[in-house]
Amino acid sequence: MLANELIIGLDSLLGEAARLKRDGYRFVTMTALRLNGTRTEILYHFDRELHFRHLRLTVTGDATVPSITPVYFGAFLAENEIQDLFGILFEGLVIDYRRTLFLETSIEPAPFCRFNVKRKAKSDSPAGEER
Amino acid sequence: MHFQRVKPVRTTEIIVAILILWPLAAAILCYLVRSDRLRNKLVPVTGVLLTTAALLLSIHIPFSFGLEPSAEKVIDVLILSIDILLLGVILFIGLRHRHRLIPILAILQLVLIGFNEFYPVPTPRVNPIVHCDALSLLLVLIVSIVGSVICVQALAYMKTHEAHLQLSASRQHRFFAVMLLFLAAMNGLVLADKLSYLYFFFEITTICSYLLIAHDATPAAITNALRALWINSFGGLALVAAVLWFARFHGINAFQQFKADDFRSAVWLLPLAFMCLAGFVKAAQFPFQSWLLGAMVAPTPVSALLHSSTMVKAGVYLVLRVAPFFQDTFLGLCVALFGAFAFLAAAALALGQRNGKRVLAYSTISNLGLMFACAGFGTPMALTAAVILLLFHAVTKALLFLCVGAIEQGIDSRDIEDMRGLYTRMPLTALITVAGVIFMIMPPFGLLVGKWMALEAAARNLAALLMLALGSALTVMYWARWAGTLMSDPLDGRFRPESQPVLTWGALGILSFGIVALSTAVPWLYGALLQAAAGDVPAYSVHNGAMENPTGIFSVFPLCLAAGFGFILALGAVRHARQARIVSPYMCGAQQPEPGVFTGPMNQPVKSEAGNYYFAFLFGEERLTGWINAGALLLLTLLIGGTLR
Amino acid sequence: MRNALLALSGLLAAPLAGSLLIGLDRILTARLQSRIGPPVLQPIFDVVKLFGKERVVVNAWQAFSAYAYLAAVAVAVVLFFIRSDLLVIFLIQAVGTVFIVVGALASASPFSQVGGYRELLQSLACEPLLVLVIAGIYLETGSFAITAVDRWPQPLMVRLPLLFISLLFVMAVKLRKSPFDFAACRHAHQELVGGVLTDYSGPFLALIEVGHWFETVLMLGICSLFWADNWAAMLALAGAAYLTMVWLDNVTARMNWRLLFGYAWLLGLPLALINLFWLYRG
Amino acid sequence: MRIWAKFIGYARFKSPWLLHFDCGSCNGCDIEILACLTPVYDLERFGIVNVGNPLHADVLLVSGTVNPRNRIVLENLFNQMPAPKVVVAIGACGLSGGIFRGAYNVVGGIDRVIPVDVYVPGCPPRPEAIIDGVRLGLEKLRTGGVTLDSKDGPIGATKENHPCSRTN
Amino acid sequence: MFSMTSTVLRNLVTRKSTRLYPQEVRSPFERVRGDLEREAANCTYCGVCAAKCPSQCIRVKKATATWIHDPTACVFCGTCVETCPEKCLHHTERPRPPFTAKDATITEGFKY
Amino acid sequence: MKVQTKDALRLKPRSVIPFGPQHPVFPEPLQLKLTVEEEMITEAIPVFGYVHRGLEQLCAQRDFHQMVQVVERVCGICSVMHAMCYCQAIEEIMAVEVPRRAVYLRTIWAELHRLQSHLLWLGLFADSFGFESLFMQFWRIREKVLDINEATAGNRVIVSINVVGGVRRDLAAENVRWLLPILEQVETDIRRLESTVIDDVTIRKRTVGKGILNGDRARELGAVGPTLRGSGVAQDTRQTGYAVYAELDFQPVVETSGDCYARCRVRFYETLQSIDLIRQAVAGMPPGDIAVTVKGRPQGEAVARVEQPRGELFYYIKADGSKNLERVRIRAPSFANMPSLVTMLPGMWFSDVPVIVLSIDPCISCTER
């Protein structure tokens, strides 16, 4: 219940991001937080002329979230970080570290997980540097 | 060293006959009897015989002899008809391959020769027809010894080569026949005093090179062979023009009749310039370098024999032979500048090369350029430098070519990048190659003695000096880069012997040992042979193993001693270091147990690589060749036009 | 006999003088940075310590290169002390450079390798300059032998001032001083870590360090030839040249090799050529 | 020979070359280490140079909580250093993990990975303390009793060479 | 060009800024957070310091009247000093000196 | 990420260089896997995780007061800002009114930290292009700032001065009197180096035109702080007027060329700006309490941001009414500047890598936490 917040769904995420970019918003960062049960909230923070705008997305279980890196390249670190720490996978990451950005694969499960998600191997999708 | 003809003529005649006719006979035998066993014996026997003969020759110099007039006439006719036959063959080759230039050049030569025959001018009878002074002897020694070593090694090489090509029928008989024929022609070329004979042998080497380059009969081989043929035919044309000019306008048809005082006007200097031009073509100087580069498609012994250690030396020989006559003329200055320019330009091109054989080819051009520059300076010091370079370049380059041949057969590549860490795969060959590189660029080895003399001789010519200084620096760069590449890779310090044919080891051993021995013996060699080869005026005095004159001093013996001592010390250090703990090279702490691998993104192992620098943006062939050819053409125009003043 | 004595004294005095000089250099540098700095004998401590360290090698042939480098520069210095041929001295010190490069390339570490190439580029940039300097001395004195310089009645500086500036370029490179310390740097805070020296360790590094002392003395020796009237003038000139180097080290940023080529070939080379042109004309 | 050995020992004391590795620290310790090299503290007075290369270094200064990714780097660097060498752990994180003990990506303490000779407490330790720590390490280097030999292969945090079991 | 020259030359002639640390020790500033000390006499083993310590490097057992402080984990932040109800904790002016081995009683006391 | 420059020339074999994790130009472990062709970078892939400690998750183990000390140690160079930002967020959730004097004190320490951080950076930057004596000069000046820290807050680097609800120490009047002349000295010293940093030929050769990032691109990549301001975007979080910045007079320092030189200029002039701000804050500091006692437990969520020396620092905090916070999310400025770095490197020379990397003043411990 932050000021200037918009609740969005998985399908409207990319459109909303593109619109914000058109409006001249700068990507600040993303915050993931684990809610009760298997729900995870992802907050996207944007800024224009020092005023925030937030998008709030709630995902369930081990859903895959579309990556906003094609729109905001700068988001790649934040998305990779969430992949690492929350076990949520992003689809279409421009640079995908495949959950090795911060953590060794030996750390299992994802540290912010309150339940066990399987570390899904993203072996079928090519890694970032091949693209 | 002024012996008049007091020695029994007969011995020298026999030796000369052996030097020219024996390899000819062996070549014919080789071609006719297609037996491996015979060839495997014949070639070494020829080598031993040639070596012995050449060494025997050294106790008889200088000498010259002629023939009975009747015999000479017979030989004249014989040679003329073979000349025409050869030109006919060239014409035929040109027509068959629908080449535009070759027939024209052949016909032009035929026309010139025919014109001379139909409208003969009376010329004084030539006697002698063979003259052997120290310079000729030096060339004979190089051809006979280095050439033989290469031919013998080729026995081993060609076996692998043909196995590699998977030929249905062996073509080695032809190959060795031409190789031996070439040795005969080279010996003839440097011993002949009569200009028409010189031209005859010159043409044979042209044909030989065509045959050898085209040996593998691949499309690339044919193209490059044709290129060699037309460019060398151009040289032949220049030579025949010069020979006929001398004969018709000055009544001169042998080197012995040249007198230094005559060469002061255009009518004398122009044919001399043509002769130099022929030499430049044969030595693949810019802008004629493309045939030498193309010749690298041939089997490596061909490259070694024809295109770097011996055949191109024919061009240098020709220019050195006439060098005393253009001393202190504008022509001499032009030759010096032209040579220095080639030295610099070829070194620059070599820097931009990652094909090992092309590096060798450019290095050859570069060194020949340096010799021409020395010939152009014409001072006793410079001429001494030229002959020393001539000798050591031949031996060293033969060694390097054989090494590259062995490497190529070992790793199937000529790319320097692929030779990275060759030491781990072919340790001994790699070490010998590195040694070869060291012989090329480091004192106290002979080549550097030569370069030292050349630099000291060039110091009076600002433009040449600048080019030589820049060229030397570039030379060091491309050689050191290669040597370092060969040794690079993490090692566990173990030496794994590799297998090579005994002939290869023998050839490499003889050549390396030869360079070391000759380098140590430079002061002695200088007294015995090189000084005489460089002219009448001694440029250096030798005492305590040092070459000395008012300009400078090179203490060869002490430096060789120091080098030997340092070598043994350093080798001991290597043996000692092998006992030390081997650690990974510095990889910022990210190394993995496997050598040369570090942990990269996503915890994946990444092989660390290091590529050489080639500066294609600056030294690439595509970028430089045009400019260099233009510059060389300019200098050539200046050279020929300058004689007309 | 005299030569042998001179050679021996060169072999012993040069490293000593080189080490002291570098010790003084480090103190002076520290003072210029408002620090106290190490003791004068610090380079000697460093080398002795390195000799006492465990032998750790990356590639056994690096040991060969280290010894060869040391031998080459030592021989060059000996030749200098027995007043031999300048061009020979130049060629022999170039051997040292080549062995440094080969040793650097022999390691698989990319830092060492890149350092090796940069070292080559450095020598490519400054060796022609050195040749021209030596040629200038020859044109003035008529001989490449240093004995001729000793006998020459007037200081070379009078007629070769621009060549001396070119020589300073070469010195900055050979002494590995900023702005041209990109192949191997004594402070190591650079992208190449230790550059060509990255993978040498312990005793082998010590050898190279000793070699560097020799090289320093050699370069200053060549420098001193420009005022070879008497010992005091030679020492003063060499000292002034070295002070210039220390000063330059402390007031410039590190260049890269492109800029080195720019300076050496567009500034140093024309300067040398202009000076040589005088000599030809004069 | 004994004089030479003594001289070498003295030279070791007079010429320690540093390698500093940040093993996951917050920068505080690293900056204080760097500050030691700058004019106000001037470690070069003691002949100390920051060489930044394990193959040249005598003293390894480590700061930071170790994590699974950089512990391999730390082991690599330690193994690359030629003996004799001293390891100085700097700061609370390097000593035990400090305030970050309990975080999921903290191994905690340099001595769990490589043997440590000197511990410098503080968060971050001030430069004086770092100088004291290095000099204490050098004292150990001179009198022996440090990791003199690394020929026995890679050193991990095995029981035998764990400093807690080795000393006391 | 070389405008650094004036600075380096000034450095050469002015006093060096180096503090000759082991020989001369600068007098510390007031209220510097050096080593942590406890006056055992006043301590009531209430455990407030242990509870408040962000680094959790203090163990207090009232029963056995033990107070263990782990200097290897202490961040010298001063929270315990400020919160101690008896004011029996204080910072010295000097930092804790380096040591060569961890104290066994402390390592036993803190198993982490 | 693979930003290819031109077509690879046939004659350019590539080199693959592990630049880090332990590398003398990086005080902190970061790896760049560089692909280089004749010293020109064609690809740069950063590798993180060498400093990741996972301290956002420590909020489950430490209470929200103790977390101040934890977040201070996210980064040892800008610890004050981290604590300040954290406290601001908590104070917003708990609706705590912080005394004015405390806010002023926070500002003063924050600016002192910015000053020392920029001086530190200027030194490291000088070192990155091998200007050792300049490095020494800046660090020598920095020591004076650290002396102020030590005298006023009790520690040199991590001053541990913020608590939820205020600050822990007051700035005594005699300290203020003592502080201002030192700042005067610092300013003189910095100004003395101005001609070197700004005009020296060799420095300009190494920095002008290196790592160019234009304004639009910088905004698109989410760059913040001097990296953004060096590209001509006049955006400074202090303009939002947190703490007492609304009452202080300042304009963001902006350069337009977007290269390393511009970023260097921005930071250099920001040191002078910081000194000015400290003077203003000291002059305007009202008397009063320095902290209020915070009772109760936070519940709710808040975002806060402050301008760190490297740029905008962002905190998101969610509290569920227990002693421990539910989520602390820290987005340090270096995290936001990394994408810019990745795109700046290709096409540059290998020797420029340290210069370019340092030009964004990367703080890896901030980035990875």
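Every chain is named by a letter (A, B, C, D, E and F) in the order it is written, and numbering of its residues begins at 1.
Quick note on the criterion: contacts are C-beta pairs under 8 Å (C-beta built on N, C-alpha and C of every residue); 3 or more make two chains touch, one makes a residue touch a chain.
Here the structure is a predicted model, which means the values were calculated and not measured.
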Worksheet item: Any chains in contact with both subunit A and subunit B?
Response: D, F
Worksheet item: Of all chains present, which has the mean Cα position farthest from that of subunit C?
Response: A
Worksheet item: Computing the C-alpha centre of each chain, which chain sits at the greatest distance from subunit E?
Response: B
Discussion item. I want to compare two interfaces, C-E and C-F. Which one has more contacting C-beta pairs?
Written reply: C-F
Response to the item:
When centres are defined as mean Cα positions, the distance from subunit B to subunit E in whole Å is 78
Practice prompt. List the centre-to-centre spacing of subunit A and subunit C in whole Å, with centres computed as mean CA coordinates.
Written response: 57
Worksheet item: Approximately how many whole Å separate the CA-defined centres of subunit E and subunit F?
Response: 26
Practice prompt. Mind checking the centre-to-centre distance between subunit A and subunit F? Centres are C-alpha means, answer in whole Å.
Written response: 25
Worksheet entry | subunit C residues counted as touching two or more neighbouring chains | 32-36, 54-56, 58, 110-111, 113-114, 187-189, 193-194, 198-199, 201, 250-252
Discussion item. If I count partner chains per residue in subunit A, which residues reach a count of at least 2?
Written reply: 100, 102-104, 111, 129
Response to the item:
Note: subunit D residues in touch with at least two other chains are 21, 38-40, 42, 45, 50-55, 69, 73, 77, 80, 82, 98-99, 102, 104-105, 123, 126, 150-151
Discussion item. If we use the touch criterion from the header, which chain pairs count as touching?
Written reply: A-B, A-D, A-F, B-C, B-D, B-F, C-D, C-E, C-F, D-E, D-F, E-F
Fill in: Of all residues in subunit C, those that touch subunit F in their complex
29, 32-35, 110-111, 113-114, 178-179, 181-182, 185, 187-191, 193, 249-259
Worksheet entry | Touching residues (chain side subunit C, partner subunit D) in the complex | 26, 30, 33-39, 42, 44-46, 48-49, 51-56, 58, 187-189, 193-194, 197-202, 205
Fill in: Contact set on subunit F toward subunit A in their complex
1-2, 43, 45, 48-49, 52, 54, 57, 219-223, 235, 237, 239-240, 300-303, 312, 314, 316, 318, 326-327, 329, 331, 335-336, 338-340, 342-343, 367-368
Fill in: Complex contacts: residues of subunit B adjacent to subunit D
581, 583-584, 586-587, 589-591, 599, 603
Worksheet entry | Residues of subunit B defined as touching subunit A within the complex | 601-603
